[in-house]
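Letters A, B, C, D, E and F mark the chains in the order given here, with residues in each chain numbered from 1 onward.
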C-alpha cells in the first residue's frame, strides 16, 4: 500500500491541480490532499473557506477512482515546524509530490521522501489568474472542473471575491 | 440532498461512536465527521494525532455505505466563535447530531438545526474508559472496531499513552 | 483631574461591585471599568460575553453620576506583561483600586499606585454564588442591580448558563 | 430604542469620522464606536494605543449629545469569524454603518443589517494623510477635533510617530 | 565534541538540578540547559521570569567548568511539535538527558537519543517543596546553590511568590 | 557591575555586529545578546534557526573576553509590550545599546536607559547584503567571522537559503 500527499491552497481548485492529481493517482493506492492556509478566507488571495475547498476537492476527485482524503491544515507560522505539523494532521504517508522548493526542502529536512509532481501549464491554470479573471469579469469556468464551477457559483464566490478585493483599494 | 454533521474528539474512535454514526447515516445522504481538538495529541486525555484519528474514522466508516468527510478541526479557544469556526472548516450541512448541551446551545445560537443523536451505552463505550483500560493493561480491543484496534496497534498507541500518562505522576 | 481604574470579570456585575464602585466614584473625577477575560463567554464560570458585560456596567453606572469608561480587555496569558497590556487598552489613569494581591503586585511592579478598594460582603455578593443560584433555581435577582437582572433575562442568561454548565457533567 | 455600530481604527480620530458620526447620531438612540486593531500601536500606520483612541473618541463625542460606547476590539486574524467576534465584544446593536465593502460583506453574511454611512472628503480627512503631515512637519491639527489634537500633543504623538516611522527606513 | 541537552523549568534552580548537571557535565564537552515554560512567571507554580532563571543557571554553573548555554524556550502548546520546537531553539546536540517519560517519548519519536539522567532525592530537592517552604516561612536556602539564593533574595522572590499565591485563595 | 543589552536578528551574525559588540564590551562587565524573531527560520529574510544563531553568537564572542549571554527572544506582535517582553526574557541589565529609533523609543517608554551603539559600515556589513550575495553566488565569507562562516557551511545554510528564497518566485 502506497499513500501519497499533495498540498495546495486550492483558491480555487483548478484544472492544473486536476491534471497533476490524475497523474499522481496512477502511482499511489491512496492520496491525501492537504488544503493549506485552512483558516484563511474572505481575502483577495484566499476567497474560499476550508470547508468550501474540501467540497471542491472531493467533488472533483469523485471522477477519479483513487481513494483520497481531503484534509484542511491551518498555518503554523513557523517554517521549521511546518512539515511536522502537516504530518500530524494527516494519515501516515510514503511520499510527498511537490515542485515547490520550500515544501521540498522542509519535508526533506523532516526525512520525508519528496518526488517531483507532474508539470502543467502554470501560467494558464493558476489561482492568481482565475481570481484575476473573476474580478475583471472574464471567463474562468473553463479553467476549473465543472463540479468546482458549480460550487463557486452556489456559494456566490465571484461576488464575494469582488467584495473582499474592493476592500484593498 | 441532506448532509449531517457529527462531532467528536475520537480519542479513540469506539463502538459507541460507531453505533451512533450507523444510525445517523440512515437519515442523511452525506455525513461530515468533525474531529475536534485536532491540534492535541500525546496527552493522557488526547493520545492520538488528528491524522491517526482521520484514519480511524475513515477505516471504520468504509464498512458503512454512506458518503462521508473526516475533517480535523483545531480548537478556537472562544466558545462564542466555535460554531462559526466549525462551519467554516467543513462543507455546508443541514443538521448537527448531538446530545452535548454546549454543542447544542452553540449551534442553536448560530441558527443551525440540531437533532438528538441516538443513545448508546455511554459508560461502557467511552474514550475515558478505553484509555483507563489501556493504562491498566485490561482488554480494550472489543470496545472499538477491528480496523481501529489495528491502527492503534500499528502506531504503538498503548505504549504512547503509557509514556504520556506517566508524565502526570 | 483624577482618573481611577477598577478591574473585574463581572460574570455578572453584582451589588458587591456596585457598592465598591459607588464608594470609589467619590474619590475620582473619572472611572475606568476594565472588563477582564473579555474573550471568554459561554463557559460555566464565564457565561456572559464582553458586550453583554459592557452593557451591564454601563446601565448600572448610569445611576451614579461619575463619568466612566467600560472597556473589555482580553487575556494576555503572561502575567509579567498583564499590567502593561491593561495600561495600553484604557485611557491614562492615576490609581488602581484593588484588594486582589496579584493585581496589586503586578501594577506595583509596573510602578502604578494601587489603593485598597472598599470592602463588601464577599460571600454573599459574588459571581460564583450568583451563578450557583442560577443553576440551582434559587433567587439571584436581589444580588444584582435591577438593570443588570433585566439584561440577563433579555439575553436568556440563566438558560445559557445551564446549557454550558451541563456540558461539564 | 435603536443602537448603531460604527467601526474604525481611528489612527487618529479625525473630522471625517466626526462628520459621519454626527450624522449617524441623528438616526440612533445609542451609538457604539468599535476601535479596530486595538492591539496595534507604535507602528507607522498605527501609532496610538487603544486606550488613547478610546480617549479621543470619548472626548470628541462629548460634544455630541448621543449616548455612546467606545470599545476597543482586537484583531481575530480570520475574516470568516470577524463579524461574530465584533458582535461578541460590543452591546447588541440594530444596524452597522459602513461604506467599506469587506465590512459590509462580512456583516451581511452574519445577517446583520448594514447601511451606507454618510460621505465626507476622504482624501483630505484621512488617517494616512494626517500621519503623512505629522511626519513631514506640515499642519495637521485643523483635520482633527480640538480635543483630539490636545490628546495627541499630551502623549507626544507626533514625536512617537516619527520614532516608529524612522524604524522603517 | 559531544553536546548534551538538559531541560527543566527551574522554578527555582535547586541542588537536585545541580547534582544532576554536575554528573552529566562529566560526559559532555558542552551542555545546553533549556529553560522551559519561558513565558510563564508571577504564578504560584512559576514565580520566576525566564531572565531570572537564565541568571540562576548561569551563576550556578559558573562553579562547574563545563561550557554551557542557558536558553529560554517558550511553550508550543502542541506536544507533537514540542521536540522539534526545542531542537530549533538550541544549538545542535547529540543526546538528551532525562528521566521524564513524556520528554523521553517525544524526543525518541523525533529520533533523538535520550539517556537516563542521574538520580537525586526528588522529594527533598524539588521546586514544589521549595515553593511550599517559601510560602510557609520555612527554611529553603539550603536546598539551592548559594548564588541562586542570592538572586532570589535580590529580586524579592519570596515576597513575589506570596503575592501571586495569595491570588489563588 | 554593569550589564548591557544588544539586540539583533543576526541573519546571520556578521562583522558589523562584531565590531559593535567588541566596542560595547569595553564598557560593560557582562553583555546580553538578545536574538530577536527567534521563532523565524527557513524564510528568505530569516534563514537561520534561533539555535544556529545562538551558536554563531557564542562562537564569535568566545574570541572576546567579555562574559556574555546569548538569548533567543520570540516576537510578541505588540510593540507596546515588546520592551517588557524582552526585559522578562533576559537577566536584569543597566543599559541598552541601539541606534534603531523604534528600539530606542520602546525602551525609553519603559524607562530603560539607551545609549547609541558604535557605528560601522552598514551598507557593506548587513544581513540583507550577505543574503543577497549567498543567493547570487558571490563571496560572503569575508563579511562574517570565520567561526560563523564555518557554522553556516556545516548546516548547509546557503543551500537552505536558496531553497526558501526560490519559494518566493
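Quick notes
Keep in mind that, in the parts below, contacts are C-beta pairs under 8 Å (C-beta built on N, C-alpha and C of every residue); 3 or more make two chains touch, one makes a residue touch a chain.
Because the structure is predicted, anything quoted here is derived from the model rather than measured.
Common neighbours of chain A and chain D (chains touching each): B, F.
Residue numbering at the chain A/chain B interface overlaps substantially, since over half of the positions present are found in both copies.
The centroid of the Cα atoms in chain B and the matching centroid in chain F are 46 Å apart.
The centroid of the Cα atoms in chain A and the matching centroid in chain F are 37 Å apart. With each centre defined as the average position of its C-alpha atoms, the distance from chain C to chain F rounds to 43 Å.
For chain C, the set of residues touching two or more other chains reads 41, 49, 78, 80, 88. In terms of inter-chain touching, the protein chains here follow a pattern that is not a line, ring, star or complete graph.
Working note: touching chain pairs come out as A-B, A-D, A-E, A-F, B-C, B-D, B-E, C-D, C-E, C-F, D-F, E-F. Within the complex formed with chain F, the residues of chain A that make contact are 77-80, 100-106.
Partner chain F is touched in their complex by these residues of chain E: 38, 41, 49-52, 54-55, 58, 69-72, 74, 87-92, 155. Residues 39-43, 49, 160, 162-164, 166-167 of chain D touch chain F in their complex. Of all the residues in chain C, the ones that touch chain F in their complex are 76, 78, 80-81, 84-85, 88, 111.
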